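Mind having a look at this structure? Questions to follow.
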Amino acid sequence: MTALLFSWALTLAGIMLAAAMGCAVYRMVRGPRAQDRILALDSFYASGMLLMLTFGIKSGTTLYFEAALVIALLGFAGTVALAKFLMRGEVIE
Amino acid sequence: MIPIAELPGWAAFLVALLVLAGAALTLTGATGLLRLRTFYERVHAPTLGTTLGATLILAGSMLCFTVLQSRPVVHEVLILLFVSLTTPVTLMLLVRAALSRDIQEGRVSPPQPDKDRSS
Amino acid sequence: MIRLLKWSLMPAFLMAIWLLLNQSLAPGQIVLGAVLGGFGTWVLTALDPPAGKLPRPLAAMRLFLLVVADIVRSNILVARIIWRDSPGRRPGFVRIPLELRSPYGLAALACIITATPGTIWVDFDSESRVLTIHVLSLVEERIWIDTIKGRYERHLREILE
């Protein structure tokens, strides 16, 4: 009984995080400006990372941890590069 | 892989609570992306998910694996450290970029350039 | 002694990250972590970081707890604004004159302000030493200036100067 409730709770959390990613995608598509899209992409990455962790808890393995860490790293690098591009029109000066 | 059913009741309850609260907070932040009207307001919204939301979910994960493997599992602290150090950097860069674009295009006047409030 | 402590902080930090990542305290990992920490610190010196004083640990701990409490509180405030926005709320920029000089203090202040939902660091003019932040709910400028200066800047100066 507890196990069932637990897995439902985690599924619900996963759905909420997926909905958060959906909101970010909507903002990414709608814009209206480039900075909105980049902000949405950053939020998308963060929610995706948290979704990975939730999967990890649900399946009881720590394997998802590395995936989450890599998503966080890539999200940071990507957003910084895009923000820099927005500021100057080039990534590496 | 350890079956999740081995988690004792109190731990399962706490983990579920932490993860649900974190997910709800992250979702709130993401809806902020939709509901708030201007970019400068929207930029505040995702911080919800990356500060408290991430902390709650990571705490849930730490608790879950610490109990399951009956040894302290704390490597989630790394993600927390990393996320809390990098989010401010990206948001600052993004706001500065957006502001310089808006000033260039004359959409926003630079915030009170000559008035000094050093009283 | 203090000098030695200062020089071993960064390698120790990097070694701790390495050990956390590998989830082990085996002697081999500790040696490898120490070597990597030393190498990482040597690479970092290429950046030529400005000299800073060693922070006071107790005061830094107090500031950390204060920031955590503030982050939790403003998370709730911003969540409330997102779900039920009051029509009277207006966002805006606030300009705050700062007396904090230490570059590390300024960096810490930037992270604190931006990591707290509802406020974001926009710009710092290093000549007039005026900081510009953007706040989600600008009730009165005075209150924000007092918050930043009274809470964070005072603590940071206490820690670093």
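In order of appearance the chains are A, B and C, and numbering begins at 1 in each one.
What we mean here is this: contacts are C-beta pairs under 8 Å (C-beta built on N, C-alpha and C of every residue); 3 or more make two chains touch, one makes a residue touch a chain.
As the structure is a prediction and not an experimental result, all values here were calculated from the model.
Comparing each chain's Cα centroid with the centroid of every protein Cα atom identifies chain B as the most central. Of all the chains, the one whose CA centre sits at the greatest distance from that of chain C is A.
Between chain B and chain C the centroid-to-centroid distance comes to 15 Å (mean Cα coordinates, whole Å). The mean-CA centres of chain A and chain B are about 10 angstrom from one another, to the nearest whole unit.
Remark: chain A and chain C have CA centroids separated by 23 Å (rounded to whole angstrom). For chain B, the set of residues touching two or more other chains reads 29, 31, 43, 45, 73, 75, 78, 87, 89, 91, 96. On the side of chain B, the complex with chain A involves touching residues 1-5, 7, 9, 12-13, 15-16, 19-20, 22-24, 26-27, 29-31, 33-34, 39, 42-43, 45-46, 49-50, 53-54, 57-58, 60-61, 64-65, 68, 73, 75-76, 78-79, 82-83, 86-87, 89-91, 93-94, 96-98, 100-101. Partner chain B is touched in their complex by these residues of chain C: 17, 20-21, 23, 71-72, 75, 78-79, 82-83, 85, 91, 93, 95, 97, 110-111, 113-123, 128, 130, 132, 134, 136, 141, 145.
Every residue of chain A that touches chain B in the complex is listed here, in rising order: 2-3, 5-7, 9-10, 12-14, 16-17, 19-24, 26-27, 33-36, 38-40, 42-43, 46-47, 49-50, 53-54, 56-62, 65, 68-69, 72-73, 76, 79-80, 83-84, 86-87. Chain contact summary for the complex, chain B toward chain C: residues 25, 28-29, 31-32, 35-36, 38, 40-41, 43-45, 47-48, 51-52, 73-75, 77-78, 84-85, 87-89, 91-92, 95-96, 99, 111-112, 115-118.
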